[in-house]
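Listed next: structures, encoded as structure tokens.
Below are two complexes that have subunit A in common, paired first with subunit B and then with subunit C.
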Partner chain A sequence: MSGALLQVQGLGIGLTRRGATVPLVEDVSFAVRQGEAYGIVGESGCGKSTTIRAVIRLLAARVRITAGTVAFEGNQLAQASEATLRPIRGAGIGMVFQDPLTALNPVITVGQQVAEGLRTHGKGGRDGGRERTQEVMRLVGLPDPQRIAAAYPHELSGGQRQRTAIAIALACSPRLLLADEPTTALDVTIQAQILRLLSDLRKRLGMALILVTHDLGVVAQTCDRVAVMYAGRIVEEAPIARIFKAPAHPYTVALLDSIPRGSRAAHPLHPIAGMPPDPAQKPPGCPFAPRCPRRSTVCETTFPSWTRHSGGGGFACYHPMEAGHG
Partner chain B sequence: MAETPLLSVQALYKYFPLRRPLMAALAGQAQRRVQAAHNVGFTIAPRESFGLVGESGCGKTTLGRMVLGLLPPDDGVILFDGQDIARLDAAGKRALRRQVQMVFQDPYSSLNPRMRIGAAIAEPIRLHGVVPSGEVAEEVARLLQRVGLPASAGARYPSELSGGQRQRVGIARALSLRPRLLVADEAVSGLDVSVRAQVLNLLADLRRDLGLALMFISHDLGVIEYLCETVGVMYLGTMVENGPTAAVFAHPAHPYTRALLAAVPRADPSAVSSEAPLAGEPPSAVDPPSGCPFRTRCPEARSICETPPPRVTLPGRRWAACHFAADHVQ
Partner chain C sequence: MLSYILRRLLLMIPVALGITLAVFLLVRLIPGDPARAILGIHATPDLLAAVRARLGLNDSIVVQYLIYLRNLVQGDFGQSYYYGEPIARLVGERAVPTLLLLAYSTVLTLVLAVPAGILAATRRDRAADHVVRIVSTVGVGLPPYWTGFILILLLSVTFKIFPIGGYGNTWGQRMFNLFLPALTISLNVAPLVMRALRSSMTEALGAGFIDTARAKGLSGWAVLLRHALRVAILPAIGVLGLNIGFLVGSTVIVENVFSVPGLGQLMISSINTRDYPTIQMVTLIFGVIVVLIYLATDLLQMLLDPRVRKAQIG
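Our next item is the complex of A and B:
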């Protein structure tokens, strides 16, 4: 796709263990347009967090990119040096993590942490970023920014901490915000506030958002398009309405069928048996085949190639659902 | 409900004192306390599934621990099968432990990492003499099968099992004493959606087949709606609404219940809410607001809300603690 803000192509990520490489993410490709909200959804261990961490190269020590490219505004990031990455992290791409308490420095005031990024990128101005700090803190809806800027993270509530983390990520006006389960640690009424905040900010600032979550409800309320990951691969990608109305991949269907939508008497759940495979012992072929009600022998030997949806996106499956499921 | 309740909680109070600096104590400053339960009352009928829902710090876990007899209330009465659990002698307490069992959120921290699964399940069976000692192994195998685990799981260690399997072990262990009430605190919260659905169905099947009553504590409204016939909604140590889940969720009478339901992100992109989310955060449970605890965030609060709200009885075995509850339901 030309004109994409972020283009990930054939991304492979592996964990080096005892001289061998365990594949965590395989052949992942997607593109995010300017100002778009893109969701990546899947269960624990599916590689969704690893994928977005790879975008700004925040991978753990023994985890590395083994294949593919990551292009942000034309800059190649997958093999770039730290010196090349530095001006992009924070200023081009911001990131928000699941647990703001571990993402924030406990011994530095919140205001200093917001200003730190500004100064690093030479955007502090004459007052060392004080004015801009207060501006972004107001932008993320922190009440009384002057008082909160002087506070330490432990003095804030969970919701205020996540707003602070978002303020830090936004301080340098990035064009892309990566958010890894940003509301998972929050209560549901606070989650609603933060999701609304992210959507509002995205629209006001024209920023793109990649939201990684296990919660299809969060994706439905926030994203324009979504990728479903299973065992390190994207198995389906589609515009948001299509994923919920006409899912093609049996795993997408299984995920949707696992969400309680009323009492058991009225809407019984029919969950798929089993669990995702261990990355070190992934079966050949489609990793979902052992749990898939639609599998055939070919699924167990060869990973299916990508089939395009007519309205954008596509899926990797030999036996997709007929249109109109659910 | 005409039936005698299996569990009856009446006017329960629990406060946790905060550590007071020595100087403050010497200066005669009042002891500050966290309000965990303030005049909480509800009942659970035999075989009923009751859901307790609320956000972190609302006191739902404390309430569960008091029902289990793990924590004494400051005031109020908990009757199990008509007996005051605070007045039981040693033998009575032992009998209560058999009848009221628990399942925790994280079975990994509640299972001994160096004990095989089979031994962990056998332990309570032996201690309470549930079956003759010659039949313990058979009973363990039966329980493993009952919770959907292969018999071979008995020889494994907790670390060799997945989260969903460990939660099944936790359930098997709780069931081993053949309880009448199962208290489950966030029992499916750590699980992935597909595995969560499996465990929810397991709990529902067990309840039906074994005639268990369930007190299911969760922050997840969807899960409560799926599993529980009745629900209690907690806010800042008080129960604000109680009644049949279907009716409460369809026509919430308390503004907090309404806000909570509106905040759940629905897995339906055509139902994106345009309503402004509930503003603010729950106030500190150390100095909860006077009168209605929700009035500081309530979009409908008026001056009368500074006085404690009455428990308004509503049609259909429901009540809500709001001055205006009757206006919302009819």
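Our next item is the complex of A and C:
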């Protein structure tokens, strides 16, 4: 896809442990256009957080990119030096993390934490970023920005903390916002507010958003396209309507069946039997095969190649669902 | 804030009272007779009895303690049995070198412990970390009187860089002369602070706010110093404060090794001469210094950590 804001191609990420490398993410490719909202869903441990952390290279110790490329506005990031990455972090790509309490420094005032990014990128202006800080804090819907700027994180509510974290990420007007489970640690009512805020801000500021979540419902409200990840691979990608109406991959179907909706009698929940494979002992073929109701012998030996959907996206499965499932 | 400090200072009174009682009793457990120590071995029994009576040593222990307390409250710290001088003056002269030595050791401790702790945490389980940890384990195990003599042998006798001991007349001389004694003390305390910092720094570096700081585009140093250290230093300050009690104890030994005319040296000589009022006063001052250091530690933590501030004063 040419003209993409972010282009990830053949990304592989591995954990080095006692000389051996355990693959966490394999052959992940996707592209995000300017202003687009892209979702990545999957169970915990499927590599979705690792994948977006790799985009701005905030991987944990011993976790390394082993293959592939990450291009943002034409800059190659996968093997770039820290010096190359620094001007892009914060200014080009912002990131919001899962737990807003641990994501904020407990001993620095909220206002200073927002202004710090501005000053780092030379956008502080004459007042050290104070004015812009208040502007961003208003933008994310924090009441009385002047008072909150002088507060410490422990003096704020969970929702206010996450709004602050979003303000930090947006301070320098990035073109891409990465959001790693931004609502998982929040109360249900606050979750909806934060999601709406992210959607609104994306449209108003014209930035792209990558939203990582385990919750397909969240993706449905927020995203244009979605990638479904399982055991370190993207198994299906499609526009949001298609994922809900005509999912192709049995894992996507299983995920949809495990969303609670309507009355319990009309739509009983179907948890997915079994567990995702241990990354160190992944089966040679399709990693979902051991849990898949449609598996055949070929599934257990060779990972299926990518089949394109007609309307964009595609899937990796030998036995896709026929259209009209559900 | 002010009312908190006031409350803490009031709480010091029972602590100080406890110290006076403990020291008063302990001093009288030391075998030997102050009158004998003053007059020497050739004193006649009559003379000894006269001196004992003058010093009030014939009263019951309870009466002696109450007289001592009464004088203390009135600001009368008594006369030294041995020097015959007012103890207030004696102690006042000696306090300055000791306080200087304490402050100097604290600064050296931080100079040694903070970079080593940061290095060990950022190079965790690599060569630099192992070196720092081995050196610090050895350091904490070395007794200060031994380290002191080794430093004298090496840097004063063999290389003649530092004086063997003494204090000096100008501040410059004092800073120079007190370097080895301060180093001796901090070699003992720095490892403890370093280890505390290493573990709190490791924890801080793994915290979510470090990711946030890096995602803002901050440089490695800014992340390390402005974010990680600022949080990690808090428990290390606690450990430093607690160990200053230990540090105060070390000054007694180190002052004697390096002939520093401080409270520690006065204490040892007063014990040798059974100079009861001087021992009592010096010990009381050491006790008050320790309690004040704990207070200063708490205030520093409140200053640096808004969460502690909130918990203490709301």
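Keep in mind that, in the parts below, the second predicted complex is superposed on the first by the 320 of 326 C-alpha atoms of A that agree within 3 Å, B and C clash if a C-alpha of one lies under 4 Å from a C-alpha of the other, contacts with A are read in each partner's own complex, and residues count from 1 in each chain.
Quick note on the criterion: contacts are C-beta pairs under 8 Å (C-beta built on N, C-alpha and C of every residue); 3 or more make two chains touch, one makes a residue touch a chain.
Remember, predicted model here, so these are calculated numbers, not experimental data.
With both structures placed on the common chain, the touch criterion links A:102 to subunit C but leaves subunit B unconnected.
Shared-chain residue A:216: touches subunit B; no touch with subunit C. By the touch criterion defined above, A:189 reaches subunit B but does not reach subunit C. Once the two complexes are overlaid on the shared chain, A:152 sits against subunit C while remaining clear of subunit B. Contact with subunit C, but none with subunit B, is seen for A:88 once the two complexes are overlaid on the shared chain. Legend: residue contacts after superposition of the two complexes on their common chain; A:165 is shown touching subunit C, with no touch to subunit B.
Touch criterion met: A:121 reaches subunit C, while subunit B stays clear of it. Across the complex, subunit A is touched by residues 55-56, 162, 164, 192-198, 200-201, 204, 219, 221-223, 225-227, 245-246, 259-260, 262-273, 276-279, 281-282 of subunit B.
Considering their complex, residues 43-44, 157, 159-160, 187-193, 195-196, 214-218, 220-222, 240-241, 244, 254-264, 267-269, 271-273, 275 of subunit A touch subunit B.
If you check the complex, the residues on subunit A that touch subunit C are 56, 58, 82, 85-91, 94-95, 97-99, 102-108, 113, 116-117, 120-121, 152, 154-155, 165, 168-169, 171-172. Looking at the complex, you find that subunit C touches subunit A at residues 207-209, 211-220, 222, 226-227, 230-231, 234, 304-307, 310.
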